[in-house]
Amino acid sequence: MLGPQVWSSVRQGLSRGLSRNVRGWASGEGKKVDISGIYPPVTTPFTATAEVDYGKLEENLHKLGTLPFRGFVVQGSNGEFPFLTSSERLEVVSCVRQAMPKDRLLLAGSGCESTQATVEMTVSMAQVGADAAMVVTPCYYRGRMSSAALIHHYTKVADLSPIPVVLYSVPANTGLDLPVDAVVMLSQHPNIVGMKDSGGDVTRIGLIVHKTRKQDFQVLAGSAGFLMASYALGAVGGVCALANVLGAQVCQLERLCLTGQWEDAQKLQHRLIEPNMAVTRRFGIPGLKKTMDWFGYYGGPCRAPLQELSPAEEEALRMDFTSNGWL
Amino acid sequence: MLGPQVWSSVRQGLSRGLSRNVRGWASGEGKKVDISGIYPPVTTPFTATAEVDYGKLEENLHKLGTLPFRGFVVQGSNGEFPFLTSSERLEVVSCVRQAMPKDRLLLAGSGCESTQATVEMTVSMAQVGADAAMVVTPCYYRGRMSSAALIHHYTKVADLSPIPVVLYSVPANTGLDLPVDAVVMLSQHPNIVGMKDSGGDVTRIGLIVHKTRKQDFQVLAGSAGFLMASYALGAVGGVCALANVLGAQVCQLERLCLTGQWEDAQKLQHRLIEPNMAVTRRFGIPGLKKTMDWFGYYGGPCRAPLQELSPAEEEALRMDFTSNGWL
Amino acid sequence: MLGPQVWSSVRQGLSRGLSRNVRGWASGEGKKVDISGIYPPVTTPFTATAEVDYGKLEENLHKLGTLPFRGFVVQGSNGEFPFLTSSERLEVVSCVRQAMPKDRLLLAGSGCESTQATVEMTVSMAQVGADAAMVVTPCYYRGRMSSAALIHHYTKVADLSPIPVVLYSVPANTGLDLPVDAVVMLSQHPNIVGMKDSGGDVTRIGLIVHKTRKQDFQVLAGSAGFLMASYALGAVGGVCALANVLGAQVCQLERLCLTGQWEDAQKLQHRLIEPNMAVTRRFGIPGLKKTMDWFGYYGGPCRAPLQELSPAEEEALRMDFTSNGWL
Amino acid sequence: MLGPQVWSSVRQGLSRGLSRNVRGWASGEGKKVDISGIYPPVTTPFTATAEVDYGKLEENLHKLGTLPFRGFVVQGSNGEFPFLTSSERLEVVSCVRQAMPKDRLLLAGSGCESTQATVEMTVSMAQVGADAAMVVTPCYYRGRMSSAALIHHYTKVADLSPIPVVLYSVPANTGLDLPVDAVVMLSQHPNIVGMKDSGGDVTRIGLIVHKTRKQDFQVLAGSAGFLMASYALGAVGGVCALANVLGAQVCQLERLCLTGQWEDAQKLQHRLIEPNMAVTRRFGIPGLKKTMDWFGYYGGPCRAPLQELSPAEEEALRMDFTSNGWL
C-alpha cells in the first residue's frame, strides 16, 4: 500500500512544502522538517454575539509572539474548530499568519471526519499560510477506525498535502487512541513528520519514539502536565494549552529539560500540573479562556453549547493557580 | 431558563410546524405530533468515485416505500452525515422527500457541534421538507457536555426550530449518554416531541418513559436488537438500521408487540439480534451496505476513511444472516 | 475438552444432586432442574460490632418466607460474601437452610478467585444444604479471563460439583462480562443449568436465550430494573436485590409477565426502576440495608470498608421510594 | 477522624515497627522509613499439581538476592495472592524472609476486601517477618469505594499495623484508582510511608509527589514501563514485574536516573518498554513465568483459572524480548 509510486506523488507535495524554507526551517535531502519546541494551541476569541473577534486574536498573538515559542497551533481542540465554519477556519489561520512573528511555525488543524474533506482542508490551510497540518483522527465511527482505516486515511492526506503532516491523537475528545502500530507505519511516510499525542500515557510516547527512531519522526506532548516526562522519554516539544497563560514558564520548563537541569525541571513541572489540569480536563476551554482574562490576554466567551464557568468552578480554577503560586 | 417567554417563541415555530398536518399527522391543541412507528435510517449511496448517487437513493426509497414504515430517518448515523457537506446534507433530504410516499414522516438529522450551526441546519432541513429534526448530542467537548449545557443547547434549537425536535442519544458514536434528568427537563418543551435512544439500556428507556409520562413524550428505540424490550417498557417505535434490509420483519415485530402477541414477538426478536448486531456494532455501515446489496437494494461503497469489509468479515456477516434463516 | 469422560464424572455429581429432589424440584432423565422464579439475594446482618447476627438472619428469612419466592440466593454480591470468612460463608448458608421454608430453593454463591477454591467451596455449600451453586466469574486477573479460561474454570467446577451450577456475571462488581460464546459452550454441560446475568443488557440476554434454546438453559435477570424486559426476551426469573424490601411487588411483576398482562406489568415495572437503582447501583448495600430497616426487616450496618449513607444520601434514597408511591 | 488520639495508638505500632531497624532501615524521630529502590514482585512457584513449591521459591530468591534490589515484594498482584489461602500467604512470606538476604526489605501484600481481614492479615504478615505491608485497595464494591471509604479503610489498617503501610493502587486489576485527595490525606498518617502506583499516569504521580512534599511520603512506580518518567517526576523507586527477569537492567536504569545520566537512561528505558508490557498487560503472569523459565529462574505453571500461553502467544512474547536485544 505504501509503495514507491505512492511516495513519488508525495515527494512532489513535499518539494512544494520545502519551498517554505524561507520562513525558517531547514530541511536537507530526505530530512524531515524540524518541529521541535513549544506551541500554544491558540484559542479563538469571540465577541459577545459569538462572532470571531479577529482584532482580539491579533492582540493575543502580538503578546504571545514575545515569548520564545517555536510556533503556534491554530485550530487544535482548544481553538473550538468544530464550532467554526470552513471559511472561518481558514480566515482564523490567515489572521494568525499575519499577526505572528515571521520566524515561527504555524501548525494548522485540518482534520475533518471524511478523508476527502480533510485533504481539501489541508490544501486550503497550506494556501492560507500554514507551515504544517495537524490532523486529528476522525472519530464519529470510531468502532470502525481500525489501524488499517487510519493508515489509509493519513496516507491519503499526506500524499496530497503540499505541507508536512503531523498526526494528532486526543482520546479525551475523540474516544480513540491512534494505535502504536499505525503510528509506526505512518512514520515511514516522507510527508508525515511527527505526532502530537495528548493521551498522557508516556510509556506509549516512549514506545513510539523507540519504534520510530530510524524514521526521523518527532513526538510532541499534547499537554503541559506530562511535558517533562515526555522530554525524558524522547519527545521534542509540546503543544500546551497552559502556554496560553503561563507561556514563559512552559518555555522555561522546556529549557530546563533540554539542558539537563532535571531537579529544577521537576520543581517547575510539579507546580504546573494543577493549573494545567484546570485549563484542560477539569474546566476545559471555558476555564482556559477565563484564565486568559486573568493573565492579560483576551479570553472571552466560548461558542455554545460550551457554557461559562459557574462561580464555584471559577473559584476552584483560581485556587489551582494561587495554590501553586501563579496568582 | 425555561420560562413562558421562551415557550411563546417556540409556539410560533410550532404553529408553523403544525401547518405540516396536511402531510398526515394530526395534532390537537397542545398535543405533540405522533411519531410512533418504525423508521429505517436511510443510508447515503455513493458512486465508485464517492459522489452522492441520487438515482440509487431514489431507487432505494421506492423499494423501501412499499413497506409499512411510519417514515424515514435521513442523516442519522447510518447516513454518513459527518462525511457530507452542508449542501449535500440538504440535497439528500430534499431527494428523499421527493422520492418517498407522501403519507410518511421524514425525520432529518440536523445535529452539528455548535448550537448556532445546529439551529441553522434545522431551519434548512425544515425548508427542504423535513417533518421533524433529529438532533444528535454535540460530543467533541464531551467533558463539558453537562446536563445544563445540553439542556441549553436543545432548548435553543427547539425554540428556533420551525419543526418538532427529536432528541438523539447514540453513545457508541458520541461517547455520551444524554442524561435522564436532561431528557426529563427537555420533555417539557412544547417543540420537543420525543427521543431516539440508541444506547440499548432498556431500564433507562423505561425510566424516561415513566418520568415523562405527563409530557406526551415519545421514545423510539435506536436499534432492532432491543426493539421488543423497548416496546415492553413503553417505547412507541424504533429507528432500526436493520430495517434497511429486513424491513418487513422489523415491521412485523412492531405489529406483534402492538397486538400483544409476545410469544411470537420473542421468537422473531431472537432471530433479529445477530443480524442487527452485524449491521451495527460489529461491522458498521460497511456491513449494512454490503447486506443491502444482498437484499436487492443499492448499498455500494462508503466514503473514506470507512473501509470495505475484508473477505473474512464478509463471511462472518453472511453467517449472522444465514444462521438465523434470513439468507 | 468437553468430551464424554468429562461428562461421566459430572453425571455422578449430578445424580447426587438429584437426590435433593425430596426438597421439591423434579428432574426427569436428562432434564435440568427448574430454577425459574424470583429470588431475593439475602443480605448478611451484622451486629454493631460487625459479627454475623444469625438471629436477625433467621427473622428476616421468616418474614421473606411468607412471600411467593422460588427460593433464596445466599452469598450473592448483596450478601457481602467478600467480607466473610470461609466458615462464615458456610454457616450463613446453613442458617438460611434451617430458617427458610422447606419447599424453596437455596442458591448459594460459591465463587472464589481460584478454580480449586471454588470447587472446594461449592462442595462445602452442597454439604450445608445448598440446592445449587451460583458461581461468580473470577475477576482479579480480568485481563487474562478469556473465554477459554472461563470455560475451563466453569467446566472444572461443574464437573466436580455435587449440585447444579448457575453461572453468575455481574460486571458492575467484576469489571467482566462472561462472554456469550463462553455461555453458549457452557450451556451444554449437563451440570450447568442456567445463568444469572446482572449486566442489564437485554439484547445480550435475548441472544443467550436464543443461542441456548436447545440446551434447557435458564436465564435469571440479575436486577429488578430490567426484569420485565428480561421476561419479554425469554428469561425465566430474577434475582433481585429489591425483592428484599418490595418482595410482594417483584413477585407480582413476575405473575403479570407470566400471565401476559403486559400493560399492568409495564406500569408496575416503571415504578420499580428508581427504587431498584437506589438499592443497587446508586447506594449499594448500605442503601439496601437502610431500606430494609424502613420496611420491617433487619438491615443494620455493613462491614467496613462499606460506609453508612450520609444524611443527604439517605434523603435521596427515601425520595426514590416515596416518589414512586412505596413509602 | 485523624486526631491525636488516633495517631497515638499508631505510634505504639510504629515504635514496634521501628525495632526492625536492626534489619537495616534507619528512621529518626518522626521520620518515615526509607523504602526507596527497586523491588521485584516475587511470583509464587507452583508444582505440576498446583502446590506451592517452596524449594523453587528459595532458589529464585537466592538468584534474585545477588542483584542490587532494595528488597522484595511478596504477594503483590504477580504473586497470585488471590489464589492462595491465608496460611499459604503467610507461609510464602515466611519462606521468602528466610531465603532472602538479611539487609533487604520485605514488603508483604496484606490487602483483603474487608477492613477487618486486612488488619488481621497485616498483623500476621508482621509476625512472619514483613518489614512493611503493601495494601491493595478493596475493589469488589468499587461503586461505593469513595475517598471517604478508602481513607477510613487505610487509616484503620495503619492505626493497627505494627509495621509501616504502603498504599497500593493497581487499576488494571481493581478497576479503581486510589483518588489523589485520599492519598494526600493518608500521607499525613505517620504509619503510612508511601504508595505503589501501577496506573501508569505519571502526571498523577507527579501531582501526588507535589502535594505530599511536606509529608515524607514516598512513591514507587508500579511497573518498569514508566520507571524513568516516574523518577523524573519524583518517585523514589519501583516495583517492577520485569525485575524478575531483567533485574540487573532495571537496577541499572535506577542508577542512571539517580546519577542524572538521562540520555543513557532513555535508551535503556526504551528497550524495556515492550518486554515490560509483554510480562504485564499483554500476557500477564503466565507470560512472566514463561519468561522466568527462559532467564534461568523457575517460572512454572499458574494456578487455574490462569491458563498457559498458546504457542502463538509464546512466540509473540519471545519476539518482544528478542527485538529489543534481550534474548
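Lettered A, B, C and D in written order, each chain numbered from 1.
The rule is short, and it goes like this: a residue touches a chain if its C-beta (ideal position, glycine included) is under 8 Å from a C-beta of that chain, and two chains touch if they have at least 3 such contacts.
For each chain, UniProt lists the protein as follows: A, B, C, D = 4-hydroxy-2-oxoglutarate aldolase, mitochondrial.
Computed from a predicted model, the values in this text were never measured in an experiment.
The chains in contact with subunit A and with subunit D alike: there are none.
Counting only chains that touch, the fewest steps needed to get from subunit A to subunit C is 2.
Compared with subunit A, the chain whose C-alpha mean position is the greatest distance off is C. Per-chain CA centroids place subunit B at a distance of 37 Å from subunit C. Centre-to-centre separation between subunit B and subunit D, using Cα means, comes to 51 Å.
The set of subunit B residues touching two or more other chains is empty.
Contacting chain pairs (ordered by label): A-B, A-D, B-C, C-D. Residues 200-203, 206-207, 209-210, 213, 223, 225-226, 228-229, 232-234, 260, 262, 265-266, 269-271, 273-274, 277 of subunit C are the ones that touch subunit B when the two sit in their complex. Residues 50, 77, 82-83, 85, 113-117, 138, 140-146, 148-150, 152-153, 156, 172-175, 281, 284-286, 303-307 of subunit B are the ones that touch subunit A when the two sit in their complex.
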